[in-house]
Every structure is written in structure tokens, then in C-alpha cells.
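There are structures below to look over.
The same chain A turns up in both complexes below, where it pairs with chain B and then with chain C.
Entry: the complex of A and B
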């Protein structure tokens, strides 16, 4: 920001200050403003990361090295956890983005009134504590008395899906569906924010050029929402990777560890099996997986994040 | 297709999607209104609703305590996050400190941290500091984890303020603290509201850390309440679901009341420069 250039000549320059700074605050004064965030960051983020890294290097029989990592490489449950974590990211994001983008277009571009009602009602699952959601869906999915089971029985499907949460093939997907249910409203809202920032004139001009229906979605709206999509993909990736309460309270990672993710496996190894150093190594690998996924996503999107609405340019 | 027909189709799809997304909530409320005899019926809405479950639940023990703990922790987390994010953003966006951009990038990189990967070291740290079963044991980590998102929003809003406004104040001899409090904070109120609502939801609903930090019943938060009541009400889900409904309804009502400012703040993208 060119603060100095915009100042009219003849105005007295206030005090000693760094070039470009507006206020006459000294260096120590400025440091004081950084202090609260820096202290919280150092204590609750930097120290834990460092401590975790060190802890992960204390292998079996308290020998220093990569023993825990070697153990993980040979651990079939760790493999399942990695696969399930990736499944969580891919399936959650695919549905959340499709639902969010489609419903946001309907709300922002095809509703004459009542937009706030739909945005709000669809967002409501987002504000409910996951532990409450987990217990509601435990009942919802329950064989014998659950609502879904009642529906399946009416449709004659009950024997094909005896227990969604109790079968290794369906347990993870059944919980991911709950995650999608909870987070889609957030994706709708963020796409609404992104779409509302698009110039109406630009859309009208495109329509005159013949961009209608699917063409308009594909070639006009989707590219214009790219910043929103990239932000949501990154946020959604981290969210899916750290989901814990739903899995913990719906299957505890079971049956037979089939729905274990890295997040639940950290808890399982660290707090249930009391293998803190091994859990630390799993945590480091979760962190590395998050970084790798975000790096790939960022490359695919060609950069550019926007969390709040910005004027989108074609 | 005429715009009119498209509007009608859009409305029908949206109503269907919204109804579908409300099914679990309706189901939860309805089970809370059932008598024990009907609580295991596999239907969305059972016959003969009753409020008896609520009467029992509201008179039994700890729910008020869990609620008070949640209010204190969510309130403390919001206040601390806002304070730290506002002061940091002020230093970066307005005081233009050296390495400001590098600090911002470092803070942003923390957005990529899955909480699960920090769970164990934070637990060990809090144990060493004697902060297990204390409010600050959750407020501190909540605020630290909330700072990245808060700083993105607040920094963007602060950077959009025209220089002339504070320049005039500085020439009048105002200190940086006065400028921050009197000029900058009122201008970025929409952004602060977005951050406050988001951080409140995060802190109010946080389960993972609370599970391992709050081991004493007197310190538990609402997200832990379902676990606490699951056992005793195993055979009487009506009462359990009355508790679930009470826990869910508070943030729902709060959000419905505040959504105008939340959405408005997001759409404004900070302040108008």
C-alpha cells in the first residue's frame, strides 16, 4: 500500500516511523501487538508440533530412530486408516461440492425471494454438536428400529442391508454420508457468497452470447467460483481428515477396525492402547498427508484462495 | 425454458432438498416426544406426543452445569481469539511490521493442521501445566486453533481501511491503541461478527479435546453430555433424545437469529474500502 505517495506535500510527517507505516508506533510497541497471538501460537501449536515430532522418534524399547514409522508401514490397521482417510476426503468433497454448488446456483440465480430461508435451514446441521448427530444417526441407522431400516423394510431392501454400521463394506460410507449431511449447508452458503460476488452484467452479457443452462454453469459460473472451490476443497480436506466424534461414537473404528481413520487411530493407539510414541508417529503422518493433499489440490487449482467474497473477474 | 418455469423447478428442488436435510432433526425431536412404549418405532413421527421426557430431564442433575461450562469456554474462546487476531492483524495490516507477510503466511499454514495430529502433545502439555479439567485448558487451544481463520478475515478487513482515516487521528495525537479501538475496530465490525460466530460454533461444538481434557464430570461441556447420558437412558431413548434436542436447539436458535450478520459479513468480504 502506497501510504507515503498518497500524502499531500506540505503535511508535517508525524514522528519517526518505518517507511510505509501509517502510525507512529515504535518497533517495541508493534511487537506488543503481535505478542498475544504469538504466545498462544508458540504454546499451543508450535510446542505441540515439536514435542510430537520428538515423541514419534522414540521407538520400541525406547530406542531413538524411525522405529515407529517402520512399525506403521507394517501395520495393516494403519494401512486401512490411510485408505479410509483418503476415502473420507474424496467422497465427502465430491458430494459436498456437487450439492453445495448446485443448490447455491438455484438459490442465488433462480429464486426471486426467500433466499435467506433456504440458506439458513440448509446450514442448520452445521451448528449441531457432532456427538448429538452421532447418536441421532445411530438410531436412524439401527436395524430393527431405525427410521432408515423402516424405510428399507417398506421397500423390501431390509435383507440386502441388514446393518449399515455393522458391516465393514458400508460402515465408513454410512458415516461419511452423515458428514456430508452436516457440511453441505456450509458449502451451499460459501458458494452463495461466491456467486453473489459475480457481476450481474457479466452474466447477462454471457446469456446474450448464448451461454444458457448447462453451458452457463460449465463455462461461466464454475470458472468464476474457482477461488471459492479451492478454499472449500482445502477446508473440506482438513475437516474430513480430522473428523473424530462421528466415527468414535458410531463405530469406534469398527467392525474389526474397518472404519478406522488416521484421526481415530491416533486416539485408539495413544489413549486406548497407551502407545503414545506410536500414536505420535501416526499423528506426524496425518499432518504430512494433509500437507501433501493440500499441495496437490493447490497445484490442480492453479493457486488462488479466497475465504470471503471477492469481485470475481472473468 | 422460461425463467418463470425455471423458478418453479428451482423452488421445488430446494424445498425437497431442505426437507430431506431436516429429516434427522425432525426425527430427533419426535423421538424426544415419545413415550417409552413407542420410542423404538421405525417411523418419522409417532402418535401421541408428550413433553414428559423434558420434565424428567430438566429436573435431573448435571445438564445445567454442562451448559454453564460450555458458555464459559465458548465465550472465553471467542474473546481470546478476537483479541489475539485483532491485535496481530493491526500490527500486520496497519502498523506494517517487518516480516508481516511472513508472519501471516506462517499463521495461515496452521489452517492446514488437523486437530487430531495435535491431540496427544496438547494433552501432554496441559497435563504438565496442570491445566486438565480447567476452563483455560480448552480456551487456550481453541483460541490458538481459531487464530488462523480469524486472522485471514480480520486482516483482509483491516487492509481495506483507507489510510486517511487513521492519518487524521494520528495527527491529532492519538496513540496507536486509541486508533485501533476508536477507528479500526468499529470499521471492521462485520468481519468481527463473522469471526465471533464461527469461533463460537467451533468452541461450542468441540468434542475431541474436551473428551480427553475434561475428565471430571463437573467440568464437562455439552458435547460430552450425550456420552454421559447414553448409558443411563439406554432403554429409554425418549429421555436421551430430549437431552440431545436441548443441546442441539440452543445453537440452532442462536444461528437463526444471527445468520443475517454472519452472511452479511461474509458477503461484504470485510468492510467497504
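Entry: the complex of A and C
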């Protein structure tokens, strides 16, 4: 049934009513309600973004223009930071969605009891502060005295122990693994919400039609959780792009800038190298990258942000 | 009559209210007269608050310094905030941008002092008032030269004054050396390589390098370069693009050999010098580590007798690269100094209090407390730790003081060159760049900065 057909005759159309409220007698009242939020947005979000944009246009030797952007284009560390930022988004999301969805199915559909306990346990890493996580995993990965090294030594493989954080090829992936460990619980929880909102009748009907196991996951559960997935992809993208504490505390963007992302590079150029205008330009590019990625993801997913599962039409 | 009652009651109430109003007005007037009389002397006795931020000295030492200064000057209150190095300089940047800098800030010479110079007062007049004409003679010339590192041409003013100085060196753990069958500190680089292997075999970390802590990468490289090409190293520190000179590349090659010949531990590039390295060294897991004179502060910070007396430790400079050669010349200079921000000149009373605190921090009760806790070496001449020091501590302290007198500067003034050096040294350590290519990259950055 079309949405418009459900409207009772005589009731004003929702759009018309809203226009009337804004343009009519309630205009000033409406503006008054919006004003506090608009003022906060203007002061704390719009103005800093505008100020940052202006700052990014002050190039080397205080010349106005796109000098900082040109400098970034020729800066190999900036290139590494962009590549790593994209790596963070792709790898983090792939693992977090896979782990989150799989564990949520296990908890919601296959655990007879104790779901709340498992959800809570999986969510616990989310409430631990990143500085503690960084210290713990630094020790976990450490050669000579680390937990992982101890495991290798116990297995007689000490000489084959890989210095994951100390090698440019693996440093980023080693930190991403920590991020996945921390955030997967959140993905599990959101997928649990999504799965629990699926009408039991659909699952029963699918079972009668022979959809079991992998087929049920692929053709029933996954499509019905599309809204949840879209939301998580957007949230996960933003989280991965803005990740700073884990990287900074575990490697400071090293070794040799190999784990530098745009977020850490903004800090390094602005606060360590005292190139605040260049840092502003990097921040603008991070903003544009986040905007572009989210727009692409949103479009690919066909819109529809929701944490609850999509309801199938009867 | 009954109808009049409420009116009478209302009248009575009105009369009472009027009386109360008059009484309140009178009381307010009385209080108004009395308040200035009462608060006048109280305000005069109210201490002036001086705000101070730094990363050094460590918080317990700073708390003791503040207590000593406040005791000597009851009319001054010091609100000191000590934060870890990175957090401190991040907070400082935000405070400078928002105009909320404290009165006194801890600074290192060169890069950081120059970053905040627009917010700092020239301290020459304050120094003259504190220590008299010719006040410069109280500080070693090298320290004063460092304090002005990076000033614009022609600007000879001091925007920071040194409080403490440091000497860089390598430390060794005697027990670890003994357990590995090593009798003395390595005299040559080859001996150092051999000692690291023996230590590793005995279950220790040969030489711990916190490669993720950039400043210690630079400092180890600079200690090597002090041997291969001291002249160019000193030129490079003040921004000259001389990184591709043979001696500088030779130092980078030796730096690389620390990794390829397994002198430093596996995974060194992901390790932190603080807290991990210092802690591992303190608990006896490390044979050698690059630290400096400030390690003596463990005599007061630790409860371990081995650290309290320093009997289990010794220091040495980077060993000779060739047999028969000399170890590296000592590098060192200002550890921490103080700058006074323009916000400190809000009133004559505050300016006076800030001047007193600055003097106390550098040459008075504050510095004496820091010195008694062996926080580092004094920048102000003639100051010595009070009380009896354990013999090993006394020996180490005295040798540091002697070395400081002829130590060469250890700071790279330009932050962009500094970061380029960190990154490229890590690339050498990781094996992704040759020493020549890495130094060429640093050279390119230095040349670009010079334009």
C-alpha cells in the first residue's frame, strides 16, 4: 500500500503542515526552538571547520593559496597516511562486520541461554580506555618479554617471532587488529539488535521453504540486516578514519612513518613539527575523504540508516 | 469589626514589612561600610597565585619544590601542573592559541622556546634584578648559548633561562654484565656487539632501544655522529644542510649496524624508552640502555637499594668505532628551562611574585630541592646537592658535572628536520632505506627548510 493512501481524508499533508508552521504564525517560535542547537552548531562545528579551511590556505612563508595542498601532493608521508587511512577503513570494517555478524548469529539464534552475559563480555573492550589498551597490546606484541613472544618461545619458535609493531610492513595491520578486537563487540551488539528485530515468522517461513544454514544467512538474515550494516559501515568508517590514540600510543606513526594515518599526521605536523597551516590542510583532506567515503557507502547501500533489521513486506 | 480585622492585619503586616525593609537596608549599609574595612587587610594578606606548567621535574619533585618556595614566601601560592612530555606540549599549544597560558612554562631550548617566543617576556631585566649585573657568569656559556638557540638574527635576548642541564650517555647494569661474564664497559663498537650477544645469551636484552620514542633514536645517532663528524653534527643542529657529509652517513651506517648486528633488541622500533625501557632496566632485564644524567633521580624515586645507591650501575659513552680510538665526546646541555609568559605581567604584584618564583626555581630553594633529589644537573653555578650521597652516586654526579663543562649541544633546533631524522633513522633500522638514502632524505628536508 502506498504511503499516501493511508492518509485519512481531511488531514493536512505533513509537508504542508510543516511549511505552514515555519512560514506562518509559529515561525518565530520555531526559530527560537532551533536557535540554541543552531548556535552551538555554529560556534563549535561550523566556525572551527571554516577557521580550519581558512588556516589551510595560508601556505609556506604566509602566502595565501593552495600551497599546503601542493605540498601534500608532493609529500610521501602524506601519501602513506592516505593509504593507511584507507587500509584502516577496509580491513577494520571487513573484520568487524564479519566477526560482529557471525557472533551475533551465534548468540541470538543458537544460544539457548546466557545471551546477555556474552553480549556484555564482548562489549567490555569498548569501555576500556585506549591508552590502557595500547599499553597492554604493546606489551603483548613486544619481543623478548611480550606475551606473544612467550607463546612462540614455549613452542620453540622464538627465533621466528615477528616484531609486528617494529616492522613497517606489519605495524599498521598489528594496530588494526587491536582496533578490531576493541570494536567487534559493538558490532556484535548492533547486529544482535538487528537480528532480534527480525520477525520470527520470516525465519520459520524460510525454514519451511528449505532455507537453512548458509542459505539462511545469505538470503534471509544478511538482507534483513542491511540497515544495520549500512549504519555500522558509516560509523565504522568514521571511527577508523579518526583513530588516533591507539596508533599514537603504540607506534607514534612509526616505524619510519609506516603506520601514519591522516589523523596522526595532523597531530605530527601541527603539534610536533609546528606546521599548523599544513596540518589544517591535511585535516581538510581527511574531512573530504570521510565525506566521500560515507557518501559512496550510503549510495551503494541504497540509503536507509537503521540499527533494527529491515522489515520484510507481508 | 470583623470586616476590619483583615485590614488591620494587613496594615500590621505592611508595618512589619516596612520595618523589616528599613532594618535590612540599615544592615546592608552597615555591611557595605564594614565589608571594605574587614576585607581590606584580608585582601592584603591574600597570597598571589603563580601558575606554572611543565613536564619536568617529575611531579613528586615539583611538589616538594613548590612546598619549599611557598614556605619561604608565604605571600605566594604556586599552582603547578606537571604532565607527560607530549601531553604537556600539546596543552601548551592549545593554551597559547586560546590566550590561556600560565605565568611560567617549562621549555627546552631551540624549537620549543622559539615556538612560544611571541608569547614570552624577555628575561634579561628579570635576571639582572635577580642575580645582579653580569648575571650571565652564573651559567655555563654553552647553556646560555643553547637558551638563545634559534633567536632571529640580531635578537640577543633570553626568552628562557636554564634550570637544569643533562649529559647523554649509555648506562650498564653491572649484575647483567657479571651474569653474562663481561668484566667492564665495552671500549670499542665491536666489543659492544660482542657484549650484546653475550647478554642476550644470558637471557638479557643486550642494548634496549625505545625506537618508537624518536628523541632517543636521534640522541643515539648524535652520540655516534659526535665521533664520526662532530663539526658537521653541530652545524646540522643549527639547521645547516650537511646531512650527506661522509661522517654523517658513517654515523647512520653504525646506527643501522645496531640493528643488523643485533646490538639492540628485536622489535626495537616499536619499543618505548619510557616507561618500558627505563622500567626494564630498573628491574634488571637490560644490559645497556641510552639514557643520561637524569637517571640519577632514581636514587630518590626508587625503593630498590641497588638503585638508591647506584652501586649496580655504571655509565659510559658510545664506544670507539675503531680499535684504539676514543669514545664519543659527551653531548648535553639544557634539560629544562623556564620561560615567563606575557600573561604574567597582569599586575605589579603578580610580576613581582613571578620574578621571585623564577629565581627560586633556578638558583633558590626550589632548585635546591630538585638537586637534593638528583633530578638532574644544576644550570646555575655553585649549586650542589646537600647531604651525604652514596659513594657511587657521588662519583657519577661529579663526573657528570665535569663532563657538562665541555659537553657539546644535543638539540636539533628545527622540528621538521628533527622529525625527518627520526623517521629516516627508523627506516634504516627497519632496513627500508640505506644509510645514504636516508641521510639524503634528511638533507632534502633540511635544504627545503633553509629556503
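Going forward, the second predicted complex is superposed on the first by the 267 of 314 C-alpha atoms of A that agree within 3 Å, B and C clash if a C-alpha of one lies under 4 Å from a C-alpha of the other, contacts with A are read in each partner's own complex, and residues count from 1 in each chain.
As a convention for this text, contacts are C-beta pairs under 8 Å (C-beta built on N, C-alpha and C of every residue); 3 or more make two chains touch, one makes a residue touch a chain.
For clarity, every value in this text was computed on a predicted model and none was experimentally measured.
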Contacts of A:271 with chain B and chain C, given as first, second, both or neither: both
Which partner, chain B or chain C, touches more chain A residues: B
Touching partner for A:123 - first (chain B), second (chain C), both, neither: first
Which of chain B and chain C A:168 touches, first, second, both or neither: second
Touched partner set for A:79, first chain B, second chain C, both or neither: neither
First, second, both or neither for A:145, with chain B first and chain C second: both
Touching partner for A:242 - first (chain B), second (chain C), both, neither: first
First (chain B), second (chain C), both or neither touched by A:223: neither
Which superposed partner A:136 touches (first chain B, second chain C, both, neither): first
Overlap of the chain B and chain C footprints on chain A, listed as residue numbers: 139, 144-145, 267, 270-271
Interfacial residue positions of chain C with respect to chain A in the complex: 89-90, 93, 111, 115, 205, 211-214, 265-272, 276, 280, 285, 415-416, 419, 422-424, 426-427, 429-430, 432-433
Touching residues on chain A, where the partner in the complex is chain B: 1, 3, 6-7, 11-12, 14, 18, 20-25, 27, 29-31, 33-38, 40-41, 43-45, 47-49, 51-52, 55, 99, 103, 106-107, 110-112, 116, 118-137, 139-140, 144-147, 149-151, 153, 181, 184-185, 189-190, 192-193, 196-197, 213, 234-235, 238, 241-242, 244-245, 249, 262-263, 266-267, 270-271, 276, 279-280, 283-284, 286-287, 290-291, 294, 307-310
Partner chain A, residues of chain B touching it in the complex: 1, 3, 6-7, 9-11, 13-14, 17-18, 21-25, 27-28, 31, 40-44, 80, 83-85, 87-88, 90-91, 94-98, 103, 107, 110-122, 124-125, 140-141, 143-145, 147, 149, 151-153, 156, 159, 163-164, 166-167, 170-171, 176, 179, 194, 201, 204-205, 207-208, 212, 222-227, 230, 237, 240-241, 244, 247-248, 251-252, 254-256, 259-260, 263, 266-270
Chain A residues within the chain C interface of the complex: 77, 138-139, 141-145, 161, 163-168, 171, 250-252, 254-258, 267-268, 270-275
